[in-house]
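As written, the chain order gives the labels A, B, C and D, with residue 1 at the start of each chain.
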């Protein structure tokens, strides 16, 4: 049983709205469903309905979506969960990320590789780097993330099990990233435009990569009325195109 | 560096075809690209191109998609990677699965929860149970999967961090599964038809569950020609609807 | 050459906004692009750029989307253009419509069947009937629409070339509509929910219909920047499911 | 009532298969449902079930999809019905088409503009031109199509109400097509790749066009079992991107 603790995190759901809060004894949440006194729930198990509020233990998704401060467009769960899988990050992996952004994927990778693994992530823009560091420090658990406010070009400690690139011109750092990857390892990339797919394919097909894949994932939510099963009226039509490849060498 | 070993697994890619093989010294693979003598590659690093064959170290996806013997419709990576994420399975989690099928999701869950975690999975049909057991035994790593050829009804060792149901009438075992879940934990379900969504919603809304979500994930692959960026001609239009909910109790 | 006339219709586009106006000599339009004096454009050809305003001759789409007053959810062009085609309405056809709604499909059918054809449309709710009548009277051209504020049950003048039903429970009037259709004619229906598809299929399969089809059409718009080709961020995820069938009898 | 005539067209549906035949007294159709003697049905109304065969009067869709001989990739109904609508072709319109292909869209345009309208269509490749002419001659009704086995460059009889371009490099003939269009008229284009969208946008934005739109239409079919409402397993993922624009001039 997970118990709600003073200074712990909670997810509050009120109708369609979600709030992620770090709670303090004596304080309270004020929303459209009235006041929620944190003292009333501290010491109780997560997963409780109190008035019109539902209180859950935050999942990785909840933290990334509702707690992380965003300075950049984040990679959405529909994409990031697939990316983690496709680059084959797993318990104990050492993963390279170029373009930390707000740290959403970084955080998910950190969860996946766990305490025995490591995520090394590069972010050139100081503002984004600082924001991502705050997000990771606030919500990360295992100290397995190394954030670097520098160019990956100056880094030489290779042998990564997997890599991901999320920068405007990923083709520029392809060769460098490749040199830091283990043989046979997978690299993933996300780009918003078809023009970038084209550039990326040229770079990847230039040499040293095989098993190239390009795809997009569409996520369509449905209403939850048993008598009226149907998709919601609107959806996110596009986040980015995903590109994957594997490192290969001639025998 | 991962080295190709005698009795190890390799993924062979020849044009658009993929083969997953356990290799033995002295034997060879015969495909449209000619013969591949395993003795030529044993002892080499993975990630090598030899003739028209590309040889990679198999990823979790490769194993599930190209090695697993399928007795049932498997849950595809586009869905399973999202499911693992949505039910918040992570390093160390104890996860309940009802409906092992061919064991594809089981295997992915096992990889996610790692050596400190556990997957307990139920399959009523003996034929499927035996097939799944073979798949898991052949490719699983950590002995963290407990396959049970029995009804979940007779199981009482609760406290699961997460649950997933993949049976024809998931609403029948909802209450039982709920009783085995930790407070605040997430349960996922997959159903192929809209009629089943309707039944499931009735069951979930009957009590004890909150934060109900219904969705579908569409996966669209693109061709990989830089000068002609475009989706492939055909795609998988439907695998199943995903349903998620969380355990909740009145305060 | 089509010339802009006093009391004629114009479509004004200013950036992403569109306005459909009936113009009067001496009056003007006031938008974010400043004032547009109608006197400056009357007598000119359509298709002119004046300041930041683009002035076009309205198409059928423009009229339905930007001029029609909506009292109900209208059938969108992506669906209505396909419906008109699937029920095989053409120049000279006599078409039955049950559920006029705001008259959007009615108007498109009227355009398709032309002066030699006829659309007979039924709307029970007086408020919707009056609104649709206003829309059709204002923008229709050929007096080929017969709007009836009554139940189709009381109508007996059969022999329709095609039929369309857009009411909440289309299965209720299926038999009646069938009796009004020519042999071999097509009927189309639109329903927002999967539960309704199920009911409709039962009705259609009950007898007298063949070649049953169910489908949905998704329409995804792209941004129009040559260097950044990509879909727009959001899209309409669902309007309705389309169902089609043809009248058949045993020999 | 439409009666099946000697030398007339019929659509035969047997389970999921469709056959479009011109029938002759005394002959018969031999399929998996056995023999169908045309003499048994000549003189009967369309829309009859005889054994396991359903016999319908062919619609425009049936003719284009099941009767037309294809030498090229045809434009599918989901796209062509929308194109006809977007370029505002209607009863009486004069429409320009560049790139006849197999004549599928040509035929649909001819049906839309009717006996008072006209479709002028250009096809450079003699083989395609001949095939399209055969298709149109066999199934067209009103002699309202002018097929030209020549370049549109040498044509000067302008004033078209609408235009459509379906060639590999549509941007090359944009200016010529524009010169043949009426003021304010719409032009549509279809291109399979995103790279072509990019080129087209550059051409269109170069001048003389406004209200530029880029989109794609996805068509997803469902199974027709009332108790198991769900999409079919596979779908066509891509046919082409649709681009539309309108002719505009400075005042």
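What we mean here is this: contacts are C-beta pairs under 8 Å (C-beta built on N, C-alpha and C of every residue); 3 or more make two chains touch, one makes a residue touch a chain.
None of these values were measured; they are calculated from a predicted model.
**Student:** Which one, A-D, A-B or B-D, has the same contacts as C-D for more than half of its contact pairs?
**Tutor:** A-B
**Student:** A-C versus B-C: which interface comes out with more C-beta contact pairs?
**Tutor:** A-C
**Student:** Centroid from C-alpha atoms only, then distance subunit A to subunit B, rounded to Å. What do you get?
**Tutor:** About 21 Å separates the centre of subunit A from that of subunit B.
**Student:** Roughly how far is subunit B from subunit C, going centre to centre by Cα mean, in whole Å?
**Tutor:** Those two chain centres are 45 Å apart.
**Student:** Which parts of subunit D, given as residue numbers and ranges, touch two or more other chains?
**Tutor:** Residues 194-195, 197-198, 220-221, 227, 229.
**Student:** May I ask you to sort the chain touch graph into line, ring, star, complete or other?
**Tutor:** Here the contact pattern is complete, since every chain touches every other one.
**Student:** Provide the residue numbers of subunit D that touch subunit C in the complex, in ascending order.
**Tutor:** Touching subunit C from subunit D are residues 1-2, 13, 40-41, 44-50, 54, 56-57, 59-61, 77-78, 80-82, 84-86, 88, 90-92, 108, 111-112, 114-115, 159, 182-186, 194, 197-199, 201-202, 205, 210-227, 229, 241, 246-251.
**Student:** Which residues of subunit D touch subunit B in their complex?
**Tutor:** Those in contact with subunit B are residues 192-195, 220-221, 227-238.
**Student:** Under the definition above, what is the set of subunit B residues touching subunit C in their complex?
**Tutor:** 194-195, 197-198
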